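The same chain A turns up in both complexes below, where it pairs with chain B and then with chain C.
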Partner chain A sequence: MQTLQLEIKQLLINALNLEDITPDEIDPQTPLFGEGLGLDSIDALELGLALQKRYGVSLSPDAAETRDHFSSIAKLAEFVSHARKI
Partner chain B sequence: MSLLRFSVQQWCHWSVDSSSGNGLTEPPLPQVPAMQRRRMTSLGKAAMHVAFGIEHAHPDIPLVFASRHGDLSRSISLLEELASGTPVSPTQFGLSVHNSIGALHGILTGHTGPYTAIAAGEETAEQAFHEACGLLDDGAKAVRVVYYDAPPPSPYDCFGLSPTTLHAWACLVQQADKGPAIHLTHGPLEEPPSPDSLAGFFAGNTSRLIRHAGHRAWIWQRHA
Partner chain C sequence: MPDFLLPRHLLKSGRSATHSVAVQNDETSLTFADFARDTARWQQTFATLAGQRISLYDEDAYQLACMLFGAWHAGKTPCLPADNLPATRAALRDIVDAFADELSPGATPAGAPSFSELCDNTARLVLFTSGSTGTPQAIDKKLGQLGEEVATLARQWEAVLQGDPVVVLGTVSHQHIYGLLFRVLWPLSAGRPFERLRSTFPETLLHRLRDTPAILVSSPAHLKRLPDTLDWASASTQIAAVFSSGGPLDKEALQRCKSLLGQAPHELYGSTETGGIATRCRQHDDEAPWQVLPGLELRVEGEQLSLRSPHLPDAHWHTTADRIRLEESGFVLLGRNDRIVKLEEKRISLDAIESALMACGAFSAVKAVVLPGAREVIGIAALPTPQGWSELARWGRREFAARHLEALKSSIIAEGLPRHWRYGARFPADAQGKVTVARLLAWFDPRRPVWHQASRSTTEAQIIIDVDAALPDFAGHFPGAPLLPGVTQLDWAIRLGRELFDLPEHFIGVDNLKFQSIISPDSQVTLSFTHDTDRHTLTFAYTSGTLQHASGRLCFGAVPC
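For the complex of A and B:
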């Protein structure tokens, strides 16, 4: 799971051009949006697309569980490990 | 034949050429938080840099953003993604419109005055001053004109369209009686175009400049 977390951190940094941040600086439990990492709604769409391309997972923008999956790197890794098709 | 009269008080310029001695391909932009800066192209950063360089006692005076090609690289990457059947990037989509740099400037500065974004081929700069003079006639105390452009990227680079380097400039435009007047008019292509650029004219290198655009010549004349 730690390998997958690292992989998703790198994907996040690349997809969202977070050039100034290294994977070590992102705590797996830190909230990604709002306070925490400070990502916004455009980032959510961009990250969803990157996950879809990399792992073949589909995310519904309206579903309540999507909000939960996107809450932190740890949650995302957990979701991807179950839902990935690639 | 139209004639515009106005004065230009401040002038700020940035280009890859003038900064190549420092090895810079884009200006530093400490005024913009890193989380916003990460989404900007070099062209957007250059435009923002010169826009921040023009000050006025009334920060909400109108802004005219002008660029012949704008952030064309974004539209090209969207088209390439569509052509290959790949889902398009929401970030590129959101920022590919011509007024996105002006809109981002408005968000960053809290500017609530009018702003506009124009593109008018080879005469984009001239039309930007027409827009500015229209705003002055409507009662604006002053107008900031922000011009930015870069060579079109591949596959459009084969057409040899201007400009040849990424550059941006901005100035404060006021009524002609507020300072040394500049007259802008156009006529037939009788005289050859000036070797100097509009940036050179504003920098004070020359008091008269002729630019050819299509079938007409634009004549810039500075009066003492």
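For the complex of A and C:
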């Protein structure tokens, strides 16, 4: 799971072109949006696209569920490990 | 049902109590009777308030509609902030008397509620937009103006929609004029049920489209990110029309919309201040110009657009900050002439960002620029004060930027938060001494190394450079044994020397150039300068501790050699 977390952190940094941050500086529990990393709703869309491309995952039509998956790196890794097709 | 719940121009004939007003997923829809009841409950609450202005913010478009008409029927003036940020609320406290989300709706009335007719001129709504000064500007709309907008939309599109029963879905917020008109007021007037929550994720939208024929109220930010990995084929046949507004829809997004949703969107151009101005649909012609909406008149002076419109508060000519070019069959939008930029349809004031950063006290000057790319973002070019430079050295770049972002978060929405930070001693200026955006963008060039200033006077300076392994200069130099090229070291000395000192225009040569030891990737080196102001020479030396890497003397002159 840690390898996957690291991979997703790198994907996040690349997909959103984040500056001056390395994967080990992102706490897997830190909220990605609002407080914490301070990402916005457009980042959520971009990140969703990157995850679909990399892992072939599909997101749930239930927005609340998706928001929960996207709440932290740890949650994302958990979701990807179950839903990945690639 | 109550005749006067909606003003006469929004509801031309009566409507049955069971008519659906709002829906959410497949749940039971809320009817016109529910809407009348919930509006009456809010009317009751608002009527007891002493003050006039009430701030309304709700993610649920149905709740917002009930509060909005409740406020009007209570004789109050509703205010719609664009967001719910703490700084927005704090600023609103000076101009509003109450916040609806701090109140609760009154008791359910016994029997069907009755309403008196609303007055087009006295019933008003206040919307907010970021003005050129950086502080949100309140825009006052009469109910009559909103009625005119809805009438324009109906004239323009009801025929296209052919009265098919559809649900109105949206990806945009109803706290802005576009979302309010298209997701709430026009549907209420036309008798089309609207979805209560907006579909921010494409998966949610797709799911809804599979269930029901719909009108989609969207924006370029969402249309250009429709994933082609989802199966839109079954959904696209369900879409009666797509609307896009808030910013320009680029060609790639247009193609995406055509191929995935099966049609080009009806694009709208307008603003909070002016209301809707023009529309186009690029179904067959990617270059189709904008067509002015019915009932409006345009005038162009230089390139500046003025208009006369029933959507404006009076019949006078109104000058906008937009530039256009008239063409035979319409017009082309050229841009704006102030410092408001639009990122992902969000209006961002560069002035507001700059003044908020200046207030932090770590900079003597700040420039906010829009960085081009697949996603446009804000970059900051800043000149730290001596205190700022030492904080930067102590905290590191990431922490330094994070602390400044914290200070921006209360007043700048997430889309406007800077993503890239560059620091320097002086802004790059052109030959006329003007700091242009094009020159500032050079600071964001990956070839410009990251550095901070240790000390600086008119004749001496010392800076610390991070020799990042990711610098393009290391590419191919050399495979397996990367080292910083001598030509890069010379280039940095000239470039950074110019930034730190006033030097004559032309570089004419270098004396005493010595390369003593290599500079490896991911190291930190000190670059020291001594400026001879009489001879126009600049002596430089790269060192790490006591180790000498390279040194030389750069010569500058007023004429090229």
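In this section, the second predicted complex is superposed on the first by the 83 of 86 C-alpha atoms of A that agree within 3 Å, B and C clash if a C-alpha of one lies under 4 Å from a C-alpha of the other, contacts with A are read in each partner's own complex, and residues count from 1 in each chain.
Throughout what follows, a residue touches a chain if its C-beta (ideal position, glycine included) is under 8 Å from a C-beta of that chain, and two chains touch if they have at least 3 such contacts.
Quick caveat, the model's predicted, so the values are computed rather than measured.
By the touch criterion stated above, A:Q52 is placed in contact with chain B and with chain C alike.
Legend: residue contacts after superposition of the two complexes on their common chain; A:A63 is shown touching chain C, with no touch to chain B.
With both structures placed on the common chain, the touch criterion links A:G38 to chain B and to chain C.
Taking chain B and chain C in turn and counting the residues of chain A each one touches, the greater count comes from C. By the touch criterion defined above, A:E19 lies against chain B and chain C together after alignment on the C-alpha atoms of chain A.
Residue overlap on chain A between its contacts with chain B in one complex and with chain C in the other: 17-20, 38, 42, 45-46, 49, 52-53. Across the interface of their complex, chain A is touched by residues 197, 199-204, 206-208, 221-222, 225, 227, 229-230, 344, 373, 375, 377, 396-398, 401, 405, 409, 413-415, 417, 419-421 of chain C.
Interface of chain A with chain C (complex): residues 17-21, 25, 34, 38-42, 44-46, 48-49, 52-53, 56, 58-63, 66. The touching residues of chain B, counted against chain A in their complex, run 34-35, 38-39, 86-87, 89-91, 94. By the touch criterion given at the top, residues 16-20, 38, 42, 45-46, 49, 52-53 of chain A touch chain B in their complex.
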